[in-house]
Amino acid sequence: MIFLKRQLPLIITFVMGVAFTLQYYIPHPISEEAITNVSKWMQIISGFALFLGLASLFHVHAVKIKRQVPGWGYSLVLYAGMLGTIAVGFWSHGETRVAGAQTSFGWLYDYTMVPLQGTMFSILAFFIASAAYRAFRARSREASVLLASAVIVMMGRVPLGQFLVPWTWDVTQCLLNVLNSAVRRAILIGVSMGAVALSLKIILGIERSYLGGGRDQ
Amino acid sequence: MPELTTATILGAWVAAGLTLFIYSFLYKDNPLFKLGEHLYVGISVGYSVVLVWHTVFLRLLWEPLRKSVSEAPALLESYILLIPAILGVLMLVRFIPRIAWLSRIAFAFVVGFGSGVAIPRTVSALILKQIEDTVNPLITMGANGLSMGLDLASPQSGVNTIILLIGVVSVLFYFFFSVEHTGPGMVTARMGVYFVMIAFGAAFGYTVMSRMSLLIGRFSDLIKFSGAEYGYATLILLAVTVLTLIGWEALVRQKGQGV
Amino acid sequence: MKEFARRMVGIDRRVIFLLIAGAVLLPLVKPFGLPIKVSPEVKAVYDYIEALPERSVFLLSFDFDPSSKPELEPQAVALLRHAFRKNLRVMGMTHWLTGTGLADGVFSKVAAEMEKERGKDYVFLGWSPGGGSLIIAMGQDLYKAFPSDYSKTPTPGMPVLDGVRNLRDVDYMVSLAAGSSGIEMWYVFGKDKYRFEMAGGSTGVIAPGLYPFLRSGQINGLIGGLQGAAEYETLITQKGTATAGMDAQSAAHFVIIILVLLCNVFYFMLRGEKGRPS
């Protein structure tokens, strides 16, 4: 039983990891067929995985309603929104448009989901302005450099800035293409090396957190 | 302008109302915002469920499986899509404590594949190609013989290649904490810090641009829905929202005084 | 003066919110219309599409959701207008589940405007899960990855997909990305092995992080944020929502710059006092 619970998953990870690392370098038809099929399977399995996340959200709010914790009414609103959307979605066969005409599901998407999601993120514009006013101070040389760079880019990337102070355009281009690229490249190389190291640790069974915990891990 | 349907006008009122409910958070956290927030999560989840069902279960799994089995029921290959289906179901048994360990098999399969495909592609695309561009030749052979570009405005010029190389090395060194940053190392690390500050300043500038763009998009819609053809939706709903907030604030203060 | 500075430093943030709202609202109602300067990275995308022969295969991946709509939808509209004007065969898809309806809406709108026919001039494949696995699946066999399009029409035999077996048959690809499931992923799992040319369109937040790819030639062009969309609209000589929003963008940036400079002026005025200002 321990073999099935602990060793078997690690063996599967190792075999899959090594096989598909080597597959990249083997252009043989069998190798290509393998990756064609398995990548298709991954699409399907990823869909099931999405349900995992959705199910936990169901559970959290169901508990809130059951225990009638403060604010449980809003959880009811969430459930109503969710079930209503599912009902409308299945009624429209999952389509937002049929022959160019908008369905009920499409209406729900265009006039509720799009404005809600858009507004949620646009509200950050106000907070970024408030935070910039309160915290963006030239306390040190480094902070002054950061401040100067931010001001130049903010001016150089809008027509008014380009019109009033034309050199900010050229400096912004140089800043982005050279100085910013250097830093981003260094970070990218470092992060990628870390990602490769983590992948190797997973394949070799050193990193096991993906198995989900438990004493027999 | 084509005549607007009732559905479109109703939609405009709903969209404007929900937008203003969310923006009411700028005053303070209030029931209107909470209503919008929970509605957003609920509708997003509902939309995701519908799309996952129709795309994954019907389009990718059920229909191809049904087609292959009906065309060649005796062939073993026709049932191959049962493998991801079984692995997917194994993933879901995570919620049943007694057999939750079975989900490890599915996760091992997915994680093993993901790690395997990622290694060579990450090394090739994100490490080797990036290093290759960092060590470009400084001197090039042109029609007039050997030359080195000194134009700061040209990203590929020799002088910019030197600056890029210095930047990459100094930033990599700055983030390398296994070696103490003393002597020449300190100079390199300090240089790395200044490069990082410039990049983060640029990132801040771009982030401001991005967030303001989102605001511009929402305000454009609100302005559109404030027109006569939409029944002055934005203006009326703005008044309703403000009055509701005033009423709610008065109620809260009254409750506070009553305690 | 110091008392004034102290009051200004501690000002209610709702005053700042009102300033920002005003800065964005006023130019939208009364635009001032400044010229848009085009950057080389945006021009590179335009030039590549402009040079493509008719009926070339152009893949547009809508890797964003409604939260990035104001920045990336104008880019999508401008690119589609250009592609349809050049009579390219356009394939659309998305990696982002909640962006599917948005992508379909954009396709329907622009295709109707340019009198293009679904199935013959363009196809919207819709959303499929998998991320990198999906790209690999498309790179191996497009019809296994997408057996049908978003409106459930089987993909094998579609006139628009004639001669297209996988990603190697794509002539040009642009990923409009709002996050990690986007341009970088398309390069790593797609272009690196299947060798199609690609460019990126991104939100302002992730644009600076994509410049290393632009420099190394891994992407041939980059359309960054609303400004990038406005530049592309200028190039195709068809103004849209991006150009209309640039005045508001300019005003908002200037308000932020003034706020930041003022905050530093007040900070330095109060810095001489005992104890740092809060």
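By written order: A, B and C. Residues from 1 in each chain.
Criterion: contacts are C-beta pairs under 8 Å (C-beta built on N, C-alpha and C of every residue); 3 or more make two chains touch, one makes a residue touch a chain.
What you see is a predicted model, and the numbers here were worked out from it, not measured in a lab.
Q: In terms of CA centroid distance, which chain is the most far removed from chain C?
A: Computed centres place A farthest from chain C.
Q: So using the touch definition from the top, which pair is joined by more C-beta contacts, B-C or A-C?
A: Most C-beta pairs in contact, of the two: A-C.
Q: Any idea which chain sits dead centre by C-alpha averages?
A: If we average C-alpha coordinates per chain, B lands closest to the whole-structure average.
Q: Using Cα averages as centroids, what's the distance between chain A and chain B in whole Å?
A: Taking the mean C-alpha position of each chain, the two centres sit 5 Å apart.
Q: Quick one: chain B and chain C, Cα centre-to-centre, how many Å?
A: Using C-alpha averages as centres, the distance is 12 Å.
Q: Just how far, in Å, is the C-alpha centre of chain C from the one of chain A?
A: 16
Q: Among the residues of chain A, which ones contact at least 2 other chains?
A: 24, 35, 40, 42-43, 46-47, 49-50, 109-110, 113-115, 117-118, 120-122, 125-126, 128, 132, 147, 150-151, 154, 157-158, 173, 176-177, 180-181, 184-185, 188
Q: For chain B, write out the residues touching at least two other chains, lowest number first.
A: Expected reply: 26, 44, 47-48, 51-52, 55-56, 60, 113-114, 117-118, 121-122, 126, 130, 133, 155, 164, 199, 202-203, 206-209, 211-212, 214-215, 217-218.
Q: Two or more other chains touching the same residue: where does that happen in chain C?
A: 17, 20-21, 24, 67-70, 97-98, 100-101, 128-129, 133, 136, 152, 193, 208-209, 212, 215, 225, 227, 249, 252-253, 256
Q: Show me the residue ranges of chain B that touch chain A in the complex, using the header's touch definition.
A: Touching chain A: residues 7, 10-12, 14-16, 18-19, 22-23, 25-26, 34-57, 60-61, 80-81, 83-85, 87-89, 91-92, 94-95, 100-101, 103-123, 126-127, 130-131, 133-134, 152-153, 155, 160, 163-169, 171-172, 175, 192-209, 211-212, 214-215, 217-218, 221 of chain B.
Q: State the interface residues of chain C toward chain A in the complex, per the touch definition above.
A: On the chain C side, the touching residues are 9, 13, 16-17, 19-21, 24, 34-37, 39-40, 65-70, 97-98, 100-102, 104-105, 108, 112, 128-131, 133-134, 136-137, 140-141, 144-145, 150-152, 193, 208-209, 211-212, 214-215, 225, 227, 246-247, 249-257, 259-264, 267.
Q: Where on chain A is chain C touching in the complex?
A: The contact residues of chain A facing chain C are 24, 32, 35-36, 39-40, 42-43, 46-47, 49-50, 95-98, 100, 106, 109-110, 113-115, 117-118, 120-122, 125-126, 128-130, 132-134, 136-138, 147, 150-151, 154-155, 157-163, 169, 173, 176-177, 180-181, 184-185, 188.
Q: Once bound in the complex, which stretches of chain C touch chain B?
A: Touching chain B: residues 14, 17, 20-21, 24-25, 28-29, 67-71, 97-98, 100-101, 126-129, 132-133, 136, 147-148, 152, 184, 187-189, 192-193, 203-205, 207-209, 212, 215-218, 224-227, 241, 244-245, 248-249, 252-253, 256 of chain C.
Q: In their shared complex, at which residues does chain B touch chain C?
A: Residues 26-27, 44, 47-48, 51-52, 55-56, 59-60, 63-64, 113-114, 117-118, 121-122, 124-126, 129-130, 132-133, 155, 164, 199, 202-203, 206-220, 223 of chain B touch chain C in their complex.
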